[in-house]
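Common to both upcoming complexes is chain A, partnered first by chain B, then by chain C.
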Partner chain A sequence: MTDIGFVRADMVDAKPAPNRTSGAIAWAQKNLFATPLDGVLTVLGVVFLLWIVPPLYNFFIGHAVGPSGTVEECRMENAGACWAYISSEMEFFIYGFYDIPQQWRPNIVFALGAALLIPLLIPKVPFKRTNAVLFLFAYPVVSYFLLAGGVFGLMPIPTEKWGGLLVTLIISVVGITLSFPLGIILALGRQSKMPVIKTLCIGFIELVRAVPLISVLFMASIMLPLFMPQGMTIDKFLRALVGVTLFTSAYMAEVVRGGLQAIPRGQYEAGASLGLSYWQRMYFIILPQALKHVIPGIVNSFIALFKDTSLVYIVGMKDLLEAVKTKNDTALEWQSANTATTGYLFAAMVFWVFCFSMSRYSIFMERRLNTGYKR
Partner chain B sequence: MSQVSETTGAPTARSTMQISDTNVAIEVIGMHKWYADFHVLRDINLKVMEGERIVIAGPSGSGKSTLIRCINRLEEHQEGQIIVNGTELTADLKRIDEVRREVGMVFQHFNLFPHLTILQNLTLAPIWVRGIPKAEAEATAMHYLERVKIPEQANKFPGQLSGGQQQRVAIARSLCMQPRIMLFDEPTSALDPEMVKEVLEVMISLAEDGMTMLCVTHEMGFARQVANRVIFMDQGQIIEQNEPEAFFSNPQHERTKLFLSQILH
Partner chain C sequence: MTTLDTGRAAAPRVSFFNDPVIRGIIYQVVVAGLLVGFIAWIVGNTAANLAAQNKTTGFDFLWKTAGFDISFSLLPWSRGSFYWEAFLVGITNTLLVAFIGIILATMLGFTLGIARLSSNFIISRLATVYIETIRNIPLLLQLFFWYFAVLKAMPAVRESLALPFDIFINQRGLMVPRPTPDQEFAWVMITFGIAVVVATALSVWAMRTRTLTGHYPRQVVLAGKAADAFVTFLIAFAALLVLFAVIFPISNAPVLAAILAVLLAALSVTRFAALTRGVLSFVIAFLVLDTALGSMFSWLPSLFVTVLGAAVALVIARVVYTGALERPPSEARFPLALMAVIVIGAPALVYWLSGATLAFEVPVLQRFNFVGGLQLPPEFVALAFGLTIYTASFIAETVRAGIQAVNKGQTEAAQSLGLKEGDRLRLVIVPQAMRVIIPPLTSQYLNLTKNSSLGAAIGYPELVNVFAGTALNQTGRAIECIALTMLVYLIFSLLTSLIMNWYNARVSLVER
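Up next, the complex of A and B:
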């Protein structure tokens, strides 16, 4: 009894507080100079930054020629990036050889695409079904006739003239929206119990995956016409589109298959025992779970497709990168030490903006779809 | 061994349950099944009348789960016939779907759809298989959720529920299709001991309503209380079947005696 009871006899005096654990100095001590090795690494890091940052700053901003600069400025010694060249070539980078007076047509296509795509990507916006139907079915038709012309008194513009960012975006948007469902169907086909379908899907996937995209495109542009009846041609642009789509769908199929394999057999059986048909089971039960598992892989394929669009130069299309490489009259006028570099940097930045957005959006989607039900 | 046993007349829940004399729910005739070269089910003959409640017992690997999985064609049989509600199961997908609509199944691991809420789990099949309007399907779903005593969980996800609750949802999900036969594949084996009772209570009340039930289970108390026939399987064969009273007090086959001596302490 006495062992349990306790009465304090001496009071404890106040002591000085331990070392500060917050604030800039404490943070630096903890994260930058915790040990001698850390200190050395920190110093080395700072030296590296001091060495690399100022020249980069000078090239990109300090000594760069702004958008309103002149060729002479770009040709000066010590001149940095020649942004003036980009701004004077911007139209070519965006539209390629698309007739200048007609450029309002791609502009409408861009605006319409943004107006339909952005609400589709924001979960809270209502009317998703209508929105999706408009984007997937109405939009491509409208865009095609707007861009190609030849109807409603619109001047026909052959696809050979399309170029720049316009081509990059068309190929990637069409490629992504078509290769995704196609990849799902191929993945399901590969798991099918029907031997013919299964063999066809495996054959297609393995063949396409075993061949570089560049040779698929090359085949499409050189070989395909040989098999065509005399006088019949398929548009180069269409061939590139089909090539890119089929290529990506094979990769997509394997990504989706990975997701399908992660779904326990019990899920298939529960659906079956309730009397749901095969397609109902897939649509309501299996695919929503499987696709959620493989969002990173799917977006990986999308990003790869977006960057691979630059390979369509093989069939003579002028996508963004090719437009930057093209030595047209303006490019020759603007010739200077840094013109080409600036062009490539610009292309890289545009690609980065699109790919990075896709990546961030996929992370957002993953978080949103995670209902915390993992068991 | 009686093929179909009458109710015993004992003052248990059993006496209130009606068994049809004429309507056959399930008939299995000379059925065999192989997994590759392994003969899992051998010459199974079984006739289940409407309203019968059958418990299938036996050691693991005896083929009891495989047998009830054959009854809604989650597994294929290679020889013999399985006739459910008058429809023979063949490779014909239409017939399979027809049978599955009328046969509910409850799994050991619940197999709820984790990406759907409880209510969506319950209404998915009625809406898309039976074509019932959404509002009506939801009303039915709530009715069965109340019956299994968890209406307040309707808008949660399966992962937020306990095992016992999930299994009750799984039972309710099958009931929403208003099946004529319910199959239970070890429904309490994956549950914490504390949760077994709540699931068994739901199953007992289902039996009292006259549902035709086939249960693979190790709950011998449940078998005594509800079953009107116990089937004992070993090595893919039906070794013995009898009324529960006689089955437990006076087993005939040596294998049955051994099994019972091991599980009844």
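Up next, the complex of A and C:
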């Protein structure tokens, strides 16, 4: 017999067998009232829900003014969200100051993008290679000329007039498509045995990752013009794109490096013994395995980039957030107690839908590609 | 000994340009050459551009008068201050908001991360909804929401919302009382420091003795029992006083409360200690629930609220009571109450004996604005709040991943040793989870610090706003200002990774 106080000396009595193991009551017993403490937490959770849900429901739906409502209804006492404001300013939120008769052009760009992207995302659709080439190379060129105009008799529309969701989507799509290959190259450079290239890549990655995006954007918007030869101006849009792309590629490089490090040495050596060149080895053997490992990380970087596009507001670009804020501050005809809140909630919902679907898609792909690790 | 003959011929001669070594050197020379050329081109362009704009370069501007206002500063600041002082103000403001954000986000994030893993359906779903909502919305948007839609929509100064403890919220921010300690209060602080040292030493000694002998030292156990009873008395007295004075007003409330508290404290040293805990937890839970429910559902009849509160409190009390029955005897428990009595009691005693005063300067509404107290500008409140809410969702995911990374076998092994839930978490799961949690947690802290630069968008005077914003615009020294700003963040980042490397080396698994 031990005399140590904190060691149990006698056996605990066995628990009786459970009465039910399936059905609603058993589920509630297991998930809501497993222990008395669980019961207390459940009660507190329900109380919290009862407290928070009715006001939220009233604000979003119950007392909200529908899309066809008027500003007078929004200004009434106890009125909820003012969806009428959103629906009346929707054009501005999507296109910014893009000329209204020309808005079919961004529409075509949106439609083309969806038509090319959706089949690319669905694994079963054939012609992936053609599809990818079209999306990555043909689509940007077509979109640029469609949006900017100046050719084929299209009215030129300067980038200052672009705005709203259009700009947010352009920056994020361009940023994603450019930062991904750039990140892979940086990651490979960091793994390289050549000291000069390795040092350069490490220096770039660590420097960019150490500073906030805002300061990179400041640098791109203030210092890039200084770096260029006299008389040469860079479009403000392009400066922001450069900043966002460089920033994300550094993060992407670290994600890809994680994947590269997870590949056993034997794979590199097997590739080399087959007589494959460095790039062949990377393209056919290493990267397909490495990238598969880090899909969640890659998509997380995409999501971060999509959210970070809102920061271009600080260097004077007109993205969705800027459009909403401008209207909140200046649309005097829609002034009411809940206008600003509704505007920001709308922007939040748009961002949320994009980010959440990206994260769900990454989970889907992760499961699909999880070959060879299934048990 | 024989010489080894590998039978391997010398590597075949390859042509000069196919030799991987020579190729590598050529590549590197080309890259280095391109880079040098590129930098030279940029430097040349920049010099030409600056000359064309008649701008000078150099860091001499740091010693010039800044001449602008900074709305919020911990350091003394006036229009006559120098640019290097603005730089320091920016750094301290960044560090201040980052520090507060980190503390609050850690608390909220750990709670949410554990809640998401809870076996309770409602609790885990609530945490999931919070995390999935918040982390998919840009931080800048959240900051705008808190700043422009919530804080700016607060009532004007004259109609300030008054919160308990003389705290006020209005359009101009959060007004809190400012502690104004007098000379003697220094002694209280010194005593507090000594008490912390004494308590630490005492607990180290007690733990060490227990490790060696299996028992806490007898003196510590005795003192611990006394401290337990004393703390029980204090808590019981306070809770009962509120109950009798506020909820069910009766005459002679203090006397009755004191008598009952003494009884409870006496009970707590007998073998009916669990009963004390049950009764106390009922009273406290009832007080909290009655107040909270009453204010959350003000439309419910108060009798209903009271009955509901009492019912839930009864369940809680039962939980605590059964838990307390299972508690090991006080001889086997760490004397937490004793440490609390030392750390809090000693300074309190000195405070009382020395006649020191700790007054609070309360913000008072004058004609146009609040005067006195500590006035936190809305920019600060929005930024700290937004950073906390946002980063907490990421910390929660980090915590969840860390706990899930601990092998299930560890939990089962701990269960088979007969460790209880709390001990299992404290001794087996958490130490192993921390090894996984801490590195990403640190990078979340770093992210929070970097994200505090978004304060620039809502006008909080942090480093980017003050230095890469105002100072840059006034001096036109773009390169210098941005370089200095980036340097600060670079130093933060390097320091963090140094500490992290040291930590990782310390906690990494020692394998064969």
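Quick note on the criterion: the second predicted complex is superposed on the first by the 347 of 375 C-alpha atoms of A that agree within 3 Å, B and C clash if a C-alpha of one lies under 4 Å from a C-alpha of the other, contacts with A are read in each partner's own complex, and residues count from 1 in each chain.
The rule is simple: a residue touches a chain if its C-beta (ideal position, glycine included) is under 8 Å from a C-beta of that chain, and two chains touch if they have at least 3 such contacts.
Here the structure is a predicted model, which means the values were calculated and not measured.
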First, second, both or neither for A:Ile285, with chain B first and chain C second: first
Chain B versus chain C as contact partner of A:Asn107, first or second or both or neither: neither
A:Ala270 touches, of chain B and chain C: first, second, both or neither? first
Touching residues (chain side chain A, partner chain C) in the complex: 2-6, 8, 12, 30-32, 34-51, 193-197, 200, 206-207, 209-215, 218-219, 222-223, 225-230, 303, 307-311, 313-314, 321, 325, 328, 337, 340-341, 344-345, 347-348, 351-352, 355-356, 359
Touch list for chain B against partner chain A, complex: 72, 74, 97, 100-101, 103-105, 107, 109, 111-115, 124-125, 128-129, 157-160, 170, 173-174, 177
Chain A-touching residues of chain C, taken from the complex the two chains share: 24, 27-28, 31-32, 35, 42, 45-46, 48-50, 52, 118-123, 126, 132-133, 136-142, 144-145, 148-150, 152-153, 214-215, 293, 296-297, 312, 315-316, 318-319, 322, 328-329, 331-332, 418, 450-451, 453-454, 456-457, 464, 468, 472, 478-479, 482, 485-486, 489-490, 492-494
Residues on chain A engaged by chain B in the complex (per definition of touch): 264, 266-267, 269-277, 280, 284-285, 288-289, 292, 371-375
